[in-house]
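These notes open a run of structures that come right after.
Two complexes follow with chain A in common, the first pairing it with chain B and the second with chain C.
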Partner chain A sequence: MPAPTPLRDIAVVAFAQTDHRRTTDEFSEVEMLMPVLHEVLDRTGLRTGDIGFTCSGSSDYLAGRAFSFTMALDGVGAWPPISESHVEMDGAWALYEAWTKLLTGEADTALVYAYGKSSPGSVRDVLTRQLDPYYVAPLWPDSVALAALQAQALIDAGDTDEPALAAVAGRSRASAADNSHAQLRGSVPSGDYLVRPLRTGDCPPIGDGAAAVILAAGERARELCERPAWIRGIDHRIEAHGLGVRDLTDSPSARLAAERAGAFERPVDTAELHAPFTSQEVVLRKALRIGDEVSVNPSGGALAANPVMATGLVRIGEAAARIHRGESRRALAHATSGPCLQQNLVAVLEGDPR
Partner chain B sequence: MPEVLKAPLVVEFPFTRSLGPVQSAFLTGLRERVVLGVRTGDGRTLVPPVEYDPVTSEDLHDLVEVAPTGTVTTWAWNHEPRRGQPLDTPFAWVLVRLDGADTALLHVLDAPGPDAVRTGMRVRVRWAAQRSGAVTDIACFEPYDGPPAEPGTHDGRFEDLVTGIVAPARLDYTYSPGRAQSGYLHALAERRAVGERCPSCRKVYVPPRGACPTCGVATTEQVEVGPRGTVTTYCIVNIKAKNLDIEVPYVYAHIALDGADLALHGRIGGIPYDQVRMGLRVEPVWSPGGGHPDHYRPTGEPDADYETYKELL
Partner chain C sequence: MSKEPVAVVGIGQTKHVAARRDVSIAGLVREAARSALADAELTWADIDAVVIGKAPDFFEGVMMPELYLADALGAVGKPMLRVHTAGSVGGSTALVASNLIAGRVHGTVLTLAFEKQSESNAMWGLSLPVPFQQPLLAGAGGFFAPHVRAYMRRTGAPDTVGSLVAYKDRRNALKNPYAHLHEHDITLEKVQASPMLWDPIRYSETCPSSDGACAMVLTDRAGAARSPRPPAWMHGGAMRTEPTMFAGKDFVSPQAGKDCAADVYRQAGIADPRREIDAVEMYVPFSWYEPMWLENLGFADEGEGWKLTESGVTELDGDLPVNMSGGVLSTNPIGASGMIRFAEAALQVRGQAGEHQVDGARRALGHAYGGGSQFFSMWLVGAAPPSS
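Entry: the complex of A and B
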């Protein structure tokens, strides 16, 4: 199935993120988010009133704060009333909604943001609440346990082994040494088993953070950004919720999303993959046909900073920022949601030819 | 910056969920020590059974019994069981393909250690002593080296069907309210009310949340407001809330504290409920332990002129 051509040229024109940290006790969610909103608007010279559509992604379960997204909206300045939406998902899916809105022509610019505070709760347990409530959630299988089942399946299939997983972790955190926003940087020990075969080093740091991007269509994008990161294609797909129905060593949903986003039509030079666990990078490299010549997670990826609900949007932002800076011509950005890479979003970004 | 406030917060719900016909049969089966799968159009048997085919979305209802023995398809060793998990001693998470099934069921395996577990090992169901029609009626799996058990021939029809489950969910947090609300709470402890002023539109928000929702900028200038205020609008509460030791009817009101540009809410006392009115001037009556106003009572001043609070309704 060939990838569809978007009806309009839409680009990521600005990206900003917080420093991702283990705790941000001194800030409420809106206090943590607001500086990022201001920074991303400043980069384009836009003000809230100039934005055609605003869309956010977050989950109240993370910090246990009901309707936190409505309070986060205070940071936007939503008066006079703005055109706005929210997804209880990673901000990458908020970006997808905003991209769709811009395709319709109803808006020419969009502000997309996401935030997550994992520090007040126990994110391993919080994430059990997204699982099938009848057969799975009553067992409280935490997010590390489910990722470990996937890792063991990969080891059994001969796709990886523990040293290879440690190498993924080492490479990611070494790359993050250049990323001042990252939480885990440089040399990080493999550590003890958390849930075998995954060690602490195979797992993402737990922390708080926020990110925001601005999208713009057509000429508006060129006015706002010297080198826009054009979204050549974007698609997301989901697999069955039953873990025992899926082949955990593969990601057909990621592959299909990539195909529909046009990722396989020409090679990419950069890939920002949302793989919170080392083993998931193994699955994604295979599904997305990413070779050794591709720079994978130059930001350090989710293993270096994992502000849950914003991590996927950060992948798109990081890929776009590399295009903005002229460090990439064509990049793949990936976001995931659910246990063991259940749902996957792929975007292909390109700079103008030079 | 004042000390960061923190408090434990427990979010706990007993979710009552109804079951579809296939889920109902499966969970009733577990109660009766029968494991049921569901057959798909192309002849696969899904365990645990689902209402719709995950590939074709076809409506499924053809229930078949599978064996309580099976094979581990992948596993993970959990040396530190967490609250709510099926065993409180170290165990393996497992996906188990039961004999007669084409898909795997997530559960736990009671084994002495990780060296005793491998993919491909044979296991069987250990039933819970007390069973209610829930996935936890399987207490866990245990290693098993006998031949595959012969599945029974149950067709999934039961006398006394389980039609719902109650799934308790509890999450524990350590909540911290952030900079602006911490400042507000610190002031309340001293029986003062403080708001924050927007540097752009100059409005004073009480309680402050750190941002001006109109301008989208940080509110940083702390402003003392009150203690007196004006009832801008109110309602009469006639239904007694659970665990609330207040006689009904009583009045719950929006109160604009003097100097604030946003009304907060509180209970009005010290006046018969049917005499409360818009414009009534009130002041806080602090709870014995301090920390927050228990209610507001009339000050005895003349009522405020409507013009003075009409923007605060």
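Entry: the complex of A and C
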């Protein structure tokens, strides 16, 4: 089935993010978020009152309180009242909701943001609460253990080996050397096994951070940005939750999302993949048919900074920023959610032809 | 470029009760989804995407439960979105789903909202721990009671108005087989004699804590043409948000609510809501919010809302029936409560509301709010397709 043509041309026109850090004890979520919101608005010259729609992504479980996203509104400055929504998902899906809102023509600009502080708790344990509450969550299998199952399945299938995984880690952190926002940069040791076959180097850093993006439609995008990153297609798909019924070495949902987003119609030069574990990059490269000629995670990816709930939005932002800077013509951005890449989103971004 | 019209062709609810111990969370949502599909005479294969909503994940103790619910809702291989906008979420979820159709991303979307409150204690789940909030409040009632008192002082409404709302809604619920509370022996005297919880809100003037789910099938013009039963057409929908607290906030009649209603009326071409809207399902978790929202939504002038309630205008056989289903006062699975308002509005204009049907309802408003009177979502549905 060919990818559908969007009703309207919509672009990412600005992106901002925090410096992602191991702890931000001195800041509340809203204090962490506010500078990013100011920065992304400054890039376009827009003010809160100019924005047609606002949408955010975050998790109460990370914040440790119900309705945690209501605090963030103080950072937005939602007065006079704004048209606004929130998803309990990574910010990439907040961007998707904002994209649909712009498609309807009810708004021409959208502010999208996401934030997460993993530092106050044990994020490995917290993420076990997202599993089937009757049959799996009572066993508390943590996120690293589940990723290790996937990594072992890949090794058993002959898709990768430990040195290849170490190479993914090495490449990612070397790329992050040029990214001042990243938490892990340059040379990082492979380290000891955390859960075999994954070593500490195969796993993402734990940290806090926030990101924001501005979307604009049609001519408005050209007014706000010299080289808008046009969303040529965006789609997301989910798989079964039960790990036992999935082939962990493949990602049919990522492939289908990419197909629907038109990713396979022409080659991309850049891919920002939301792969918190080295082994997940192997799965995604295969599912998304990404060859060696493509620059993968030039930002360092989730292995260099993993502010949970914002990491996926950062991928879209990083891909768009490369187009803004003229470093990419056509980029793929990917976001994931759930254990072992259960849910996947793919966006295809392009600059104007030169 | 124009928006695709959106139609509601399937509606399903569970029988709302205090505790559904016979089903899992997956079983609960699937029951509502299957009932909506049956109403639309569609199957899982006809659904392009699923949009699900619920209030805080702490209520069931499952983080982002949509991941686990993908199988139960037939979402495998499809897009699945999870919305969370506090108490307004059921309404917001339907609006997010409607955008997928209006923006021509998908043709037919299943939208669903639920809460299984028996898995935890909602009142304490809503009482935020230090350091997020001063430890003065017990549940939502503790937050909203001062604002009710402010309304009474401002308008001089007699003390009895709240009990009239509760008495009406609990009687309406007797005509709704899905409602949680069926108090067959309810009397006004009993409501007025019930214990005072948060002055001036008495026990019988508060919402119950329910397990329940509500689902709708939304579709485009082509889908509506195939519908076996009359569709409800969306004539307008909007969300508005303001901060929880700030100097100058009007908790009695928040600006965000007024703005949201004004946006919906503009889209629907409504100049005089009191005359042009036939029935209203509004989010009234504590009795006094009926007169308060009647003013906020433009059905009465400021200070006059309680007079509509007192004179019987909002009764099922009144001139402007409000909460024909029994409302949130009779049924409150928090995350689903907003969607139930939206769905009940749609049932009215489809002529499918059964015993609580308002004769000849052509246009109905569904309303939800949440947080500290700060999140609003509304839609207006009609029996006829939108004109533009």
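FYI, the second predicted complex is superposed on the first by the 353 of 354 C-alpha atoms of A that agree within 3 Å, B and C clash if a C-alpha of one lies under 4 Å from a C-alpha of the other, contacts with A are read in each partner's own complex, and residues count from 1 in each chain.
One rule holds for everything that comes next: contacts are C-beta pairs under 8 Å (C-beta built on N, C-alpha and C of every residue); 3 or more make two chains touch, one makes a residue touch a chain.
Computed from a predicted model, the values in this text were never measured in an experiment.
Asks: In the overlaid three-chain picture, which partner chain does A:Trp140 touch, first (chain B) or second (chain C), both, or neither?
Replies: first
Asks: Pick one for A:Arg129: touches chain B only (first), chain C only (second), both, or neither.
Replies: It touches chain B and chain C both.
Asks: Tell me the contact category for A:Ala174 with respect to chain B and chain C: first, second, both or neither.
Replies: Once the two structures are laid over each other on A, A:Ala174 reaches no partner at all.
Asks: Is A:Leu256 contacted by the first partner chain B, the second partner chain C, both or neither?
Replies: A:Leu256 sits against chain C, while chain B stays out of touch.
Asks: Per the contact definition in the header, classify A:Gln342: touching chain B only (first), chain C only (second), both, or neither.
Replies: Touch partner of A:Gln342: chain C, not chain B.
Asks: Just chain B (first), just chain C (second), both, or neither: which does A:Ala78 touch?
Replies: both
Asks: In the superposed arrangement, which partner chain does A:Ala164 touch: chain B (first), chain C (second), both, or neither?
Replies: A:Ala164: touches no partner chain.
Asks: For A:Arg65, select first, second, both or neither according to whether it touches chain B, chain C, the two together, or no partner.
Replies: Both: A:Arg65 reaches chain B and chain C.
Asks: Answer with first, second, both or neither: which of chain B and chain C does A:Gln152 touch in the superposed model?
Replies: Touch partner of A:Gln152: chain B, not chain C.
Asks: Go through chain A and flag every residue that touches chain B in one model and chain C in the other.
Replies: Correct list for chain A: 61, 65, 71, 73-74, 78-79, 126, 129, 133-134, 137, 240-242.
Asks: So in the complex, the part of chain A that touches chain C is made up of which residues?
Replies: 4, 7-8, 54, 59-61, 65-67, 69-71, 73-74, 78-89, 93, 96-97, 100-101, 103-106, 126-127, 129-134, 137, 235-242, 252-253, 256, 337-339, 342-343
Asks: Which part of chain A faces chain B closely enough to touch in the complex?
Replies: 25-31, 34, 37-38, 48, 61, 63-65, 71, 73-79, 120-122, 124-126, 128-129, 133-142, 145-146, 148-153, 156, 193, 195-198, 240-245, 248
Asks: With touch defined as at the start, can you tell me which chain B residues reach chain A in the complex?
Replies: Where chain B meets chain A, its residues are 1, 4, 6, 9, 11, 15, 17, 19, 23, 27, 46-48, 50, 54-55, 73-79, 82-86, 93, 95, 97, 103-108, 114, 119, 134-136, 165, 167, 169, 171-182, 209-218.
Asks: Could you list, by residue number, the parts of chain C that touch chain A in their complex?
Replies: It is residues 1-3, 24-25, 55-58, 60-65, 67-71, 75-86, 92, 95-96, 99-100, 102-105, 125-126, 128-129, 132, 238-244, 246, 254-256, 259-260, 263, 371-372, 374-375 of chain C that touch chain A.
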